[in-house]
Amino acid sequence: MGVDTKVTIVAAPEGHSEAGFFATSLDKAVGLARKNSIWPLPFATSCCGIEFMATMASNYDMARFGAERLSFSPRQADLLMVMGTISKKMGPVVKQVYLQMAEPRWVIAVGACASSGGIFDTYSVLQGIDKVVPVDVYVPGCPPRPEQIIDGLMRIQDLIGNESLRRRNSPEYKALLASYGIE
Amino acid sequence: MESNNAEHTKIVEALNSRFASSIKEIAEPFGALTISVDSNNIKSIIAFLASEEMGFSFLTDVCGMHYDTTDELGVVYHIHNLYTNTRIRLKTRLPKAKPEIDSMVSLFKSANWQERETYDFYGIIFKGHPDLRRILNMDEMDYFPLRKEYALEDGTRTDKNDTMFGR
Amino acid sequence: MELIFKASLVVAIFVVTLLVALYSTFAERKISAVLQDRIGPNRAGPFGLLQPLADGVKMFMKEEIIPTTSSKWLFIFAPCLAMLTAGMSSAVMPWGGNLIIDGETYSLQVADINIGILYILGITSVGIYGIMIGGWASDNKYSLLGAIRASSQMISYELAMGLSVIAVVMMTGDLSINEIVKGQPGAHWNVFYQPLGFIIFLICAFAETNRAPFDLPECETELIGGYHTEYSSMKLGFFLFAEYINMFVSCALIAAVYFGGYNMPFINDFGWSPNTVTIVGTACFFLKIAFGIFFFMWVRWTLPRFRYDQLMRLGWQILIPLSIINVILTGLGIIVFK
Amino acid sequence: MKALTNRSKVAVNKELSFMERLYFPAIIKGMAITLSHLFKKKATLKYPEVQKEFAPVYRGKHVLKRDEKGAENCTACGLCAVACPAEAITMTAAERKKGEEGKYREEKYAAVYEINMLRCIFCGLCEEACPKEAIFLTDEIVKTSYDRQDFVYGKDKLVEDMNNRIDITKRQKKY
Amino acid sequence: MIESINDKISGENYNTINLGPTHPATHGIFQNVLTMDGEKIIHAESTVGYIHRAFEKLAERRPYNQITPITDRLNYCSAPINNMGWEMTVEKLLGVQTPKKVDYMRVIIMELARIADHVICNSILAVDCGALTGFTYIFQQREKIYEIFESICGARLTTNIGRIGGFERDFSEQTWKLIKDFLTEFPKAFREYESLVNRNRIFMDRTIGTGPMTPENALNYGFTGPNLRATGLDYDVRVMNPYSSYQDFDFTIPVGKQGDSYDRYMVRSAEMWNSISIIQQAMNKMPEGPYHADVPEFYLPPKEDVYTKMEALIYHFKIIMGETKVPIGEVYHSVEGANGELGFYLVSDGGRTPYRLHFRRPCFIAYQAYAKMIEGSVLSDAIITMSSLNIIAGELDA
């Protein structure tokens, strides 16, 4: 905690020439595979979790994106979807789950509460999960419509598809993790 | 249906005959029988009300209060007789320096967490509670957040301008 | 020549098994989707056909995590064992009749050992070690619970499975699967002679493959992932893969033992050449398997799962007595009718 | 315990008939039901390709309206900010100068008007609070983004485009 | 600690399992530390507070009309019931009498919300038993309820529906049509769902006898709503203390026998059928009239009036700034929420915000029995019991 919230370089694939962010053709192929096989770990705590159910159910069917195999074990998940309020008591748990995930891993903050605390600017609520884990995509709304959640997933897909394989070993990424106290 | 006057008179009489000295005030705001009682005697009063004779077998609610004008804390009980459909609100006041009151857990199991919550929010000590710990907040918290003197906000928020909101 | 044929057959069967397992994962997702009024994966390739490939590549590229408290070698060994045994069991399956090439007869079976059924039952019970070791080596309580459930489930249901097979063996008088298949020409399938045995076998097959309603070793809502909770990347892939291969083999076994394998009614009435008959028979066999796989999935997406003790009760108190009765009835039948 | 009313009715039957004991009737019935859905029309809305039409009163992204002449309606009174339970609205008022009548309808206007879309809970209270019909919620959803700075919507994103006006007449209709 | 005590008692080694806070079956976030003997639960201890959001403190800092969106997030599965419970509480404090039409409209919305909530609970119970498909069928109907809410208030889940004194707008033609469609569509889909699950022996075996409760014990633990009714006691706030003209409708109170998971499931099922009938009755008897009470001090004037009438403008500003006079006093009002008696204890000191607002959250009070209910059962039962109690995290932790 206590990290400057402006550190959000995860998402910005800046032009970094060799061994950097830009994807090569192998990266592209792997990226293509990865982005079509996102196994989300739904960290659903409150209202947004119900909208997530709606997203998974027949009417919106997130499975179309290859993302219907929910893996509740963090080891197997690619995408941590934090949905709902994260209190200060819960903050360490989110971080723990993030640590248990295998690389490459991404994080979506779904809904106002997870992204910024939303309406709950109170003593017990974490003002955005980016204080404990790096967030890749923010989805606004309280709760977001399923359309918005799918939108967020597609943004993550874009991110994954254009990402270099070695980005996870890049100094920028390591610096980012270090800023969250993650080795 | 709630303002059942004959029933109310009966209850008040029964209470007056036993606990006259502990009863401070009786009122009926919005048709709900509200009795302010001495905090020392609360357990025997509720035990009496919960007995077969009076039939208030359901503890609807326990909550804390902070009266900042007199700087006192308080516990408010709502109990319900399901058969005559009468509700009573019992109010107590406790000094802030030593907020202690008897626990109701031996009478109503539902009081357990509600009293823990009240302790968590207001720091009211329930004597005889089997496990009086914080329940909703972190154990490390060192103040009682719902007391009026503490701020609501956690203070880390940077993206607002307080003058806009009239607060 | 014989050797080359056998070698190519082994390769072909291996590839086919893998392909079927690969596309079973896709089929599962699609079938569950259509049963649930959904569409299912449709982004990866046309109609989402490249979905399993995407999953595979992703899993290969994922970081491997070996928990520090686990027994490292066993942790790695377990998924390999599961995969290996799953792959081995298809060796004795008679995929078709005989092909005649250049006057020489080739059997579409890798090894026609005379105890084929025993071999399969044996291999599948070795497969359970993969799950058990995996769950134990993870040093995770949920995994351990899953492993314990898996092993006791396997032990209980293998008995009933074996007994129901014995009834079939009594009728055929041979333990070789090929002989069993040959024993049901045309439409004289065992399922019509052994309906009770078939149902018992089917239920046990569900239990042996850890499929719903018997998916207790991994049941997501209770044990998160059960024995594979701690596995990531391709080791997880192996476990999942092994499950689908097992399902494929089970369906093949059911088709061979109860639905006449490559036999098909009226196949000899068309006057086709023996080779055509064999090929059509093989296709027919795969059709039966495909229906079996569909059935497995259909059941999975319809039924709730059992509780552990209910599962045991069903196994020991209902299925085993029933299968013993079935054996006795079969014996009586043989005496009376033959 | 004694019943409280005379309206209670036991809703449970736990007795299994012999057929139900056999597992199969219910299983076959269930499987028939799931199979019948194989042939039903799929309920899925193919979202990115097909967009569902939201209700006319949907509470989505905000818009700051202009009047017919293109002048901004907002007078920076701050009522919307007061009414906002999430405290997501910030504004700075400025006096209208001579010659700016075409730009701002009232004598005061919002020089800065920001809504933090990550904070916003889309409750619609700002729309209700506005006495000048300046702020409305629309049936458009707020897009997701990579960076939380992107979600502070300033006037550039909120004020409506005169060439592409947003029809809010349906929202106001009280039926 | 517990482990060591038990070890001393029996000399056996027990296993401790941490069920939650991110376990898949704990939908929200509940932590239960289970002491297990193999699969059997010897001792359980619940920890709550993982999404404590300080509702009560927040409510002390927000004017009355801004509290409605906060109540949305209590039991988010049936937000309209919370909204309307809160509005009725304030109306009780202010002494506002709502027109019959408002009452009936509220009844329709609240019963729809109840269906929406029970749909979630019952379908998730089946999901936790391993049958996912029923959930997807019945969730399509929930989408229809969302559409109805959306056409009235503009949001799907956290509705912020209704205002103090009535509704923000009348139901449109579209809304009525959607409700009518729902009334014809839902029974079909629900019947299908019931025949998929209700009499399936696997499902019955899983749920019968899990987490049983006697009425005396349930009452002592503060159970209300379907969970209490499943034990056989017919306590329903809608009947005992009718609010919003519930006395005009004819419905029964479904009760169970043993208070186990199957009873809870069946009581919820029967309540959904009841809700359908109540909505039907309300539609048939819908009176004419205004859609809000005539209380200019609390109900916002129409926008046209704000421009043209001085009085309306003053009221508008006063309501938004929270400067209308609110009587000093305290009031308790309860509604039959989807999970039980949802009470609002409001103390007003005449200021723009409540002096104290306490929510009686049925989930919070009922959940403390959970640890006792699962002791002696197995892990699978613990999960079924949790689902069938329908504990909603938002309501639990406030």
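A, B, C, D and E are the chain letters, set down in written order, and residue numbers restart from 1 in every chain.
Quick note on the criterion: a contact is a pair of C-beta atoms (placed from the backbone, for glycine too) under 8 Å apart; a residue touches a chain by one contact, two chains touch by 3 or more.
Predicted model only: the values in this text are computed from it and were never measured.
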{"item": "Set of chains whose contacts include both chain E and chain C", "value": "A, D"}
{"item": "Chains in simultaneous contact with chain B and chain C", "value": "A, D, E"}
{"item": "Chain of greatest Cα-centre distance to chain B", "value": "C"}
{"item": "Chain at the geometric heart of the assembly (C-alpha centres)", "value": "E"}
{"item": "Most distant chain from chain D by Cα centroid", "value": "C"}
{"item": "Cα-centroid distance, chain B relative to chain E, in whole angstrom", "value": "23"}
{"item": "Between chain C and chain D, centroid-to-centroid distance (C-alpha), Å", "value": "50"}
{"item": "Distance from the mean Cα position of chain E to that of chain D, given in whole angstrom", "value": "22"}
{"item": "Chain B: positions in contact with at least two other chains", "value": "82, 136-138, 145, 152, 159-160, 166"}
{"item": "Multi-partner residues of chain E (each touching 2 or more other chains)", "value": "23-24, 49, 52, 54, 57-58, 69-70, 133, 136-137, 140, 158, 196-197, 200, 202, 219, 235, 240, 321, 397"}
{"item": "Junction residues of chain D, two or more chains touched", "value": "4, 27, 30, 33-34, 37, 42-44, 46, 82, 85, 87, 116, 119, 121-123"}
{"item": "Contacting chain pairs - touch in the sense defined above", "value": "A-B, A-C, A-D, A-E, B-D, B-E, C-D, C-E, D-E"}
{"item": "Chain E contact footprint on chain B (complex, rising order)", "value": "1-2, 29-30, 32, 34, 57-61, 63, 65-66, 76, 78, 82, 85, 87, 89, 108-110, 112-114, 117, 121, 134-138, 145-146, 152, 166-167"}
{"item": "Chain A residues touching chain B - in the complex, by the definition given at the top", "value": "5, 88-89, 116-117, 121-125, 127, 131"}
{"item": "Parts of chain D lying in touch with chain B, wherever the complex brings them together", "value": "2, 4, 78, 81-82, 84, 87-91, 116, 119, 152"}
{"item": "Of all residues in chain A, those that touch chain C in their complex", "value": "29-30, 32-34, 36-37, 58, 61, 63-66, 68-73, 75-76, 78, 100, 102-104, 165"}
{"item": "Residue ranges of chain A in contact with chain E within the complex", "value": "43-47, 49-51, 53-54, 57-59, 70, 72, 84-87, 89-90, 93, 97, 119-120, 122-125, 142-143, 145"}
